[in-house]
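Shared chain: chain A. Partners: chain B in the first complex, chain C in the second.
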Partner chain A sequence: MTILIDKEVRKAKYKKVAYYPGCALEGSAQSYDKSTRAVSKALGLELVEIKDWNCCGAMEVKNVDPEIQTYLSARVLSEAQHKSKQDVVMAPCNGCYHNLKKAEYDLENKDKSRAVTEKISKKAGHETYKAGDVETIHALDWIKFGYGEEELKAKIKGGLKGLKIANYYGCMYTRPRHIFPEKDQGRDSESTSKPHYMDDLLAIAGAENVEFPLKTACCGGAHTLSDSDMSTKLVLNILQAAEAAGAEVIATECPTCHSGLEMHQIRALKRLSKKTNVKVIYFTQLLGMAMGLSPRKVGLNFNISDSMKFVKEKGIA
Partner chain B sequence: MRTIAELEDYMESPDSALNPTEQVAVFLQIGEEILEHWVIAHGGVPTQDKKEGFRVLALQRQGSKGDASFNACRETARELAYHYNLVTLEPEHKDVLARLTMAQMVAKHLVLFVGGKLQVSGLGEFCCSSKGLRLNKNEMESIAGENHG
Partner chain C sequence: MAIHEKSLIRPENISSHEKKIVDGIDVSGDWSTFIHTRVVTDYNENLEEEIAALPGGEYIHRCWQCGSCTNSCTVNAENPDFNPRYWIYLIRVGMEEELLRDKDIIWQCVSCNKCTSACPRDVFPEGVMKATAHWMELKGHTPPSHSTIFDDVFTEQVIKHGKIEDGEVLKDFLLKTKQPLMQDWIVQMVKQMIKGFPVMSLMKMGWATIFHPKTKNWARASDAIKEHIAEEHAAQRKALGLDSAE
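Presenting the complex of A and B:
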């Protein structure tokens, strides 16, 4: 796989990308989808939604048969390449992003993955995806490099006015390291131990990022169904840590983390009588509002927790 | 070695009589103990080695061998070591109590994460399912009977 570091090359390449919203952004994370599309429009970055995309395999398929998950993700990449005619896929969901990267790694390194993917692709009647044909990026890469940080500064209207933010990346954005060969490559690359791309973008938008030691900690998302109380305790600790760090907002870039934080914030109050006031907002929503887009335009009214009054009081909207 | 429930209880209400240096040492010890639980539950013998001067890092590394999902607490273990250093190397610092609070929350996350994974481990690379490592065989069979009875 080619590791692109050159900013200019990336900028040209990410100007128009295949968009893979995935299941979450069509359901529980509609506000992430809405704000991603709104930011795209405001920045003049073109999103071509992949025709006939399918589930990435998420956790469920991966745990039953990891090779089937690799195939499902490979099919998404194949559709992007052959039907949508794109060589970059942008996935805002950490689960999708992680799975496409994992499929890329497996297809490059494992004979069995290649054989299974080829067999099912033939049977399903579509082109077999070959490792290296498409580059998978996250929404953070897309904005940071596709638009550019200097250019973004000029687009900020009003900004985030020193809003204190804890940037929360969750566990899948950087792990496992080996499926992200472009990370930890020095200057301008993302760090797997202390990610900073969201911090960078929101600082440009006028936020004051706080030191947050749990930025890549597990949100307990996977425990939600099997052990809801454990999820609530994990989330409550994350929310309390963010508040102790001085944050008014937790910025998110993963729909699983985001909905978990929002839902268990409410559950912590109901089940444990523990109230936290920190707001949970997608980074694309914050970025959009910093550029002058209305809260409704970035889907703030679709979030579970009500942040409308808060952003108005802060003068962000 | 304290039970997981005892570790969780301590993290909820730590001994307020301890000074910050003593307290953060307890948090670090708790981080090691919860990782010992993980290693033992997987049939291993907890290492006494240290990595970069910390046993908590060596234990996390030992626990993640053969289980990539356990790397989800790699940075949490590192943050615990970092906050231990912050408190012990500058005990008179004006922010020492804030640093101690953060060390407590990091250690608490480690206890909850590992404890939770032990309770419901095995679903896959990044999550958990119903392989109850905390339960003994009879308890598991009893639950299975209730579910299918």
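Presenting the complex of A and C:
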């Protein structure tokens, strides 16, 4: 296991990566896709979209059959390795990122997962993915290490002008701990209890990160429609805690969390008469605007949480 | 000795008396609160094995009842009756009747995995919650929950096309659960969404709903997945002593 690889090695490795947008970024989270691609272009990091990718199974397929969920991720990794010829896959969606990591863990540790993946891969007619062949990273790793924090400082134009931000990471980026062996390894590694990679990047972009206790709280995303009342309560906790911490914006790095916060902010107003004003914006959108990209270029107009006027007032765009 | 804590202290199981003298000593008031003597005979000795036979339940035997799962649980913070530690305890001693009291809330686990990260014994409690919710449905104790219906709608699309289209999942789910499409908050959301949308993107989204996004060369994978799921589900029904027909 490569835990604390040299920063220079990671930088070279992440310069060109396979890109796995996933279903959400093709649909309801177009703004995350748009801003990720815009930031990639601005930083000169190359993205090779995986040909013929499939859904990772999100949070649903595992409840029908967990081994099928492992297979779905294994197929994506196999496509990246054998068709797109890449050994690093970057997934901005926490669901996709989490499932690829989970598949890696299962294929490493469980005989049944290996057997099922091999059986279905053969029947489907593609190469069987083997644990350890491809490294899965999040968009946060990709920018932090692929571009470098020092280098990023030089790229900031205008910046976020002290915008007060609550960084919200959600569940799937850090839990369960088993599937993230590279985290909690001390200096420079990500923490599963108090993640900070997004805080680090946005601080460089000129934000003032607030002390936010619910960084890894759950938004109820898995039951956003099937148990909406629970999700509304959980989201409202997050929105209110962010406002109490003095945040003007909640920065997100997961499409499920992002749409959950946007949807249930509206639902909390309609059903519980609880109004919150905090804006919900993807970290890639904030980073892009800090580098001088226009709000439209990072798809701010695609967000449900309307912050076009807000960013103009703040002098960010 | 087993401690069946919750059942012992439920109001209907506690006897208290306004006026009570025991051996000449006045124990009226709170002192007269007693727990009835009882004999528990309706254990289901197969319960732990049945849960362990379903996906996610495999490691239930490792639990040593520390309570880290319940302590960290997202849903427990909203509803104290949602108690993974207690349910794992009931399953392991086979107290089916007591478990069934909570049959309508077990499916509410949001899969945040806080329990699984906190568990010092690698029980993977999130999986145990899913296995228990499925057990309830397979045994016919509860109808399919909204969560199960959503999982099925979603998985069906993945198997068919390799990808999902979120608008279609939303529509199918609301239809299957007999909920109106035009709910106040959904209407408001769509209004806010299309306000900033360029016309081209709206057309693209409409296009996606009609011509579902698809993974190329998916047919063979789709067949192999269907075959595997059918085999697994048949094996699970067998392990629970149910007919092979779903």
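Simple rule for what comes next: the second predicted complex is superposed on the first by the 315 of 317 C-alpha atoms of A that agree within 3 Å, B and C clash if a C-alpha of one lies under 4 Å from a C-alpha of the other, contacts with A are read in each partner's own complex, and residues count from 1 in each chain.
In the analysis below, a contact is a pair of C-beta atoms (placed from the backbone, for glycine too) under 8 Å apart; a residue touches a chain by one contact, two chains touch by 3 or more.
The structure presented is a predicted model; accordingly, all values stated were derived computationally and were not measured.
Considered on the superposed chain A, chain B and chain C are sterically incompatible, since they clash. Using the contact criterion defined above for the overlaid structures, shared-chain residue A:A38 touches neither chain B nor chain C, since it reaches no partner.
When the two complexes are overlaid, the chain among chain B and chain C that reaches more residues of chain A is C.
Touch criterion not met for A:C96: it reaches neither chain B nor chain C.
In the overlay built on the shared chain, the residue A:S28 is in contact with chain C alone; chain B does not reach it. Contacts of A:A222 after superposition: both chain B and chain C are touched. Applying the stated contact rule after C-alpha superposition, one finds that A:P213 touches chain B and leaves chain C untouched.
Within the superposed three-chain model, A:A245 lies in touch with chain B and out of touch with chain C [touch as defined at top]. By the touch criterion defined above, A:L201 lies against neither chain B nor chain C after alignment on the C-alpha atoms of chain A.
For the superposition on chain A, the stretches of chain C under consideration are 7-15, 25-33, 43-51 or 79-87; the one running into chain B is 79-87. Of the residues of chain A, those at positions 59, 62-63, 171-172, 175-176, 217-218, 220-223, 226-227, 230, 233-234 touch chain B in one of the two structures and chain C in the other. Listed in rising order, the residues of chain B touching chain A in the complex are 68, 71-76, 78-79, 82-83, 98, 101-102, 105-106, 108-109, 112-113, 115-116, 119-120, 123-130. Chain contact summary for the complex, chain A toward chain C: residues 23-24, 26-28, 30, 52-55, 57-68, 71-72, 75, 116, 119-120, 123-126, 171-172, 174-178, 192, 217-218, 220-223, 225-227, 230, 233-234, 262-263, 266-267, 270-271, 300-306, 308. Partner chain B is touched in their complex by these residues of chain A: 59, 62-63, 98, 171-172, 175-176, 193-194, 213-218, 220-223, 226-227, 230, 233-234, 237-238, 240-241, 244-245.
Of all residues in chain C, those touching chain A in their complex are 55-56, 74-75, 78, 108, 110-114, 116-117, 122, 124, 126-127, 130, 134, 145-152, 154-155, 158, 162-167, 170, 173-174, 177, 184-185, 188-189, 192-193, 195-198, 201, 205, 208, 213, 215-218, 220-221, 223-225, 227-229, 232-233.
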